[in-house]
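Below are two complexes that have subunit A in common, paired first with subunit B and then with subunit C.
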Partner chain A sequence: MSVVQPFDKLPIPNSAACLLVGSDEGLQQRLAEALLLEKKSFKISIHLATSLPLPSERDHLRPRIDLIVFMIDIKSKYSLENVEASLAYVDASFFLGKVCFLVTGVGRVNSCSVEISAVWKLGEAYCSPVLFCELELEGIRVATAQRLLRMLQICAGHITGVSALSFGLLMRNSDDN
Partner chain B sequence: MQRSQTSKTPKQPLQVHKHQTDLSAWQKGGRIDPEKSVQNHQSPNDQKNGSKPDSLEQALSFFEKLQDSVSLKKDHALQKHLTTVESIALQRGLPPEGFAILLNVALSGKFADTLNTHLLKSLVPASVIPENSVVSSVSWLCVGKCSGNVQLLFLKWLITMFDFIDHKEQIYALYGFFFSFLQDEKMCPYVCHLLYLLTRKENVKPFRIRRLLDLQAKMGMQSHLQALLSLYKIFCPELVTITLPGKVKTYFKNSEGPWKAAINAVRQRNKQNSPVPRLLFLGTVQLRSRKRKWNTQLIIPANSTNKNDLEEDREKNHVDLYRMNESFPVEQLQTFPQLLQNIHRLEFPSQMGSVLTNPLLLHYMNCIKDESVFLRLYYWMSQVLQEECTWCVADNYQHEEEFKDFLETVYKTECFLQEGFSSCEEFLYRSLPLWDGFSCRSQFLRLVSWIPLNSFSEMKSHLYDPLAQLFFTSSLYFKCSVLESLKELLCNWLNWHVIHLNSESGFQVHSLNTTLSGLVNTVAELVHFVGWISTVALRLENNTTFLLYFILDFYETVCDMYLGYNLPLLIMPPAGIFYPALLSMDSVSLNQLCYIMYRYRTNLVAAKENELSKQKILQFKFSRQTYQEYNQYVIAMVGCLWTSSVFQKDVHPRGLRMDDELLKKTAVQEFKTSFNIVYHPALMGYAVHFLQQAWPDDTTFNFSLIKGKKWNWYLEYLYAQGLKGLKVFIESSINRVSQASHSKAGSVKA
Partner chain C sequence: MESAEWGSRVLPSLGRLSRGPPFGRMQGQLGLSLSSHGLSPAPRSLANADPRRTAFLLHKQWTLYSVTPLYRFSSARLRAYARMLSAFIAAEKQKGLAVEVGVELDIKVAVSSLPDLRGTDQDQAAILVQLSLRSPISKKNSEDKLVWSGCFCSVFGDDLSEKIPPDFTCLPLFLTNGAESYTSIVGSWFQKNFDCSFRRLAISPLNLGWMAAMWTGCKMDILTSAIELVFSVPRLPQPLDISYAIHPEDAKALWDTIQKTPGEITQEEVDVFMDCLYAHFHRHFKIHLSATKLVKVSTAIASAHCDGIIKFLQSQYLTGVLMLLTELAICHIQ
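And now, the complex of A and B:
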């Protein structure tokens, strides 16, 4: 089984690749569309996976992944378990700022079955930021896509003077350290 | 006087009520009267069905005379009249005078339960229900002649019809009677609901609280008891010390009973025909969906207090001394003079939330400074905000809009009272970590600006951390709005400090036992936080002028904290902000920076003078470091703008100092005289214009021509272009030995 590596391939100039991992394919698709619709100054390729590891046979076709977004649906315990299981197939150096957890379904807190604190803990354990959103609402979906694009831009090294690692440190809560 | 138009009977043969002014008084209220313009015409329907009122009249007089126990099945006259009453009631509602008669029959216990139930079920008002009919039925209830079922049905009826009762003064007086019914296990839920509607502050007594707690101990946690207890807690948080669960779905079971359809039918009818009863319907709470709680509670209930003699008041136009103890009904408070006249006998409405939309009551709140009033408001608000914490709901767009309106109202109230609400603060701390940065954005950020002063540890984890995460990942505009609201926050804190400095002996502000050093620390942390996120943001956004404007705007407040707000604190902007502003391509930023540095200088000089003259023993003084930092910045600025020596003289560790060797490599000739007010990238455009005007024939753009007298002209030219900040900076920080080009940097020495 292959582990996703952050630096095993050469980067492609002026482009960035993002990997969305989550069990809800419909939402994933909609988020990906929102990401593609955003105006941006670089080429973007989005890869969707319901879980990791990625199949190794098509590995040579994949570009270098700059950012992995793990999507956790607050309404389904399975999505959290799925993400936790997938984390094992990510190279440790990815967690130096190139991973983020996206919690979806905040608009339905009443039917919440994942404990928010569990997600916080996950974020802390993997030194990665946790973003919250409701992808079912278009406005928030667009806003979330914009936020992810900014992170992707940084992770792909398109912003001078800010590396993924330094950005990751900025995003960490100050009382962790 | 308006009553005759509202009641459905053309004549009023049976009873005339004395309190008839209330409807008109309320109509004048202006608050809830969008229907005022509708004409008070009699509907054509009424005339068409002219025969019916007569039969109703007969039926009513029949019931009035009904004496002995009769059987419904055998007595045909009774059956006929009952049918008349039922059908008219369900179609059009009953006139006010019918209630006393019918309630009398139904609750006397003389007749069979079937009749009583039928009668109670048909008690649907066409307009209002007179208070005394209710009072007399309560006395029947106390006698206890009617059966348990009828009692229950009556209570349900009373709850449903509560808002149709024309006055409640006497019903309020019966509070104790209702309270005593609590011991009946079957009636208890309904009595609780009724008490919930009736309770006013003076009803909350320790013995009642004890009684409720006893009942709760006996019967377990019942939602209706909790409801009443939480209401008591809203009124007197100091008396009810137990903690109540914040999230209760429904306090009371649906007690609308069999009347709902009939009320709706009558309402529909009245909507088309007569304007006045519709006003009443606007005040009925039960008919609204519970989800809209925050907005419904913003309306002062129709009969929130007991007096209805506004007309008299107006006529007398002076304060009646003998009525000092009576309270003035807040729903009739419409003008500022009224507020002044009645300020000694005002009473807050039972729904504290309604205060939010009433500027007069807010004035009153501001002036009485009663701790418990704020407590009540906070308690109510935190309940609402906790229940409705979901700012975004996936399947209900309407919900978000309404919630936005509510937050907006809360913000406006905070602005009005110049006071941050702790309940809002809690709400923000709870919500910000989960916030997506999009929904209710402007409302959230505006509320941030009213967070009360607190110890830093709390602010750091609850406010700064989540805000920073959102800030770094969000758009330029989001960043600017965050900076804007943090500036507002700083201003609000500083204003608070100034006000409390001036009224030191004044009232104690709730929960803020801040010392001066605590305040200084908290403000310093905020300024450092903004400095940090601004530095990062400039990096992320590639030193955008737009962002720089908001950052410098924040520092325009910071640089004046000592003189402007009497706070012994000055913090220089970090180098990550100073240098991008100094080397900005935009004259606006440079001008802003010059102004800020001038204000820093004024503040530091004033502090130094105070320190030297020792007029008063200073608790705080600025550290040497602040002066040092200021001097380093000024040297860099003077080097950049005046002496062209910034590459040689800048001593700041993150400054512009460069070796001559390196400078030579840039291939700029005369680099020692080529970076000043003429060559600065933000000002070069002005220099070009100046050259064109001064030497119209010269097309070589020989900047070195600007020297000597021309240099002064150039300065005048710049000042005339609106660069006032540059003017005050140069005039204060640069000692010009002569009016010649020879000049020298001056700075405050520590």
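And now, the complex of A and C:
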């Protein structure tokens, strides 16, 4: 199956899996390392991909993906095109709070090649939150990792009383204000 | 030109990003800073302007700065300012910050006003500062050698001039040509006396793409030089620059098929134009130009570099290009 499905596998107890999709492998690596360094009470596995669809040969070895983070680099229009092409390979029920768009490189306004309103429109079209960060600055990298980890916890169902969908709606409502 | 003829304004861009998350949806959204009206030849109000007086701007490399409004600057006191500035430069030379060593050189300062270099009557007249070398060796009647020029101007800068208090003079765009040392001396004099601040005006790849599309679409009688785009490839062990030259007629034909309303340009049309060029390049060379950084755009009208360096090549569209740059400068200040 080439499309990533949210519920086609059984969850593993006390663990969560996150998929980072983006054309810049170095940035993905840095973000993944920041995520692993954070203190957490559950096991986390981070999968990196430059684009979707994921190769089907290793599908049986992959755990259930709880959160997909699409990374868009503001300095590269190609990364936005890559993400737009990959979105077709994600099952529609993922977009109920289990997908997020992460825009990186926002510290460098002078190298901006992507129009931000296009990214906002993407977030609105796919009903998913858009986060901005600058992974080259350590403080922001750590803060972003903490945010994503929290979202991952919610998406994996580890927080009682908060579902991925309700959290996604909360983020969207706060954006509109 | 009537304001009704201009297209709708695209949302202004955000100055700096790294502090806080002011990524609101409506105000201050990071995006294109140039408005969507196309570039047209000099508007009617400037038809009587003498192109010879603004010809000094052409065919020279100008470095761009954005300037915050000047406090208590009076265009009636230009001669006094010239005297004060030349005294300041002489004092700086005494301090050992001289730019030339050896021969005792005399810097003559001329500050003049250029009423031709503006968009509407609401704009301030441009101020030109010229530094020339007066060497005692040269003959008395010989011309002084111009070593540095700086021009403060505002073309259609109504956005900013409407909002500022009356004591301030709004001339957001500063163009310099000449040695960097003179630029810093003149800049520090203005900063001390008029409480303004200068910042180098960099042009983002997004705005450069916009300029490429806009300048390609301009009507020119003879299309002389090719449209050239220079890209720099990031993160390689050795820096690599890709130069992509397009025949001007082909580029214009492409733009004409994309642009729907003459006189108005939208972000979508610019995106389609650039995507077509990138796709063509990819088909031949299998390189994704969209993953590189656009650093320089050269057309027959003007050439712009992302470090904030511009060269004007056509007097017909000079005002239009200055209007774009003024807009960028204003967004840069805010």
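Assume the second predicted complex is superposed on the first by the 171 of 177 C-alpha atoms of A that agree within 3 Å, B and C clash if a C-alpha of one lies under 4 Å from a C-alpha of the other, contacts with A are read in each partner's own complex, and residues count from 1 in each chain.
Note that a residue touches a chain if its C-beta (ideal position, glycine included) is under 8 Å from a C-beta of that chain, and two chains touch if they have at least 3 such contacts.
On a predicted model such as this, the values are computed, not experimentally measured, just so you know.
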item: Joint occupancy of subunit A by subunit B and subunit C, clash or fit; value: clash
item: Partner chain(s) touched by A:G26 [first = subunit B, second = subunit C, both, neither]; value: second
item: Partner chain in contact with A:M151 - subunit B first, subunit C second, else both or neither; value: first
item: Touched partner set for A:D91, first subunit B, second subunit C, both or neither; value: neither
item: Contacts of A:M171 with subunit B and subunit C, given as first, second, both or neither; value: first
item: Touching partner for A:I116 - first (subunit B), second (subunit C), both, neither; value: both
item: Per-residue touch tally on subunit A - higher for subunit B or for subunit C; value: B
item: Doubly contacted residues of subunit A, that is, touched by subunit B and again by subunit C; value: 106-110, 116, 132, 134, 137, 175
item: Residue numbers on subunit B that touch subunit A, as the complex places them; value: 389-390, 392-395, 433-439, 460-461, 464-465, 468-469, 472-475, 536, 539-540, 542
item: Subunit A - residues contacting subunit B, complex; value: 105-110, 116, 129, 131-134, 136-137, 139-140, 143-144, 146-147, 150-151, 154, 159-162, 167, 170-171, 173-175
item: In the complex with subunit C, residue positions of subunit A that touch it; value: 23, 26, 75-79, 81, 106-117, 120, 132, 134, 137, 175-176
item: Residue numbers on subunit C that touch subunit A, as the complex places them; value: 11, 13-18, 21, 23, 25, 29-32, 202-206, 209, 234-235, 267, 271, 288, 290-294, 306
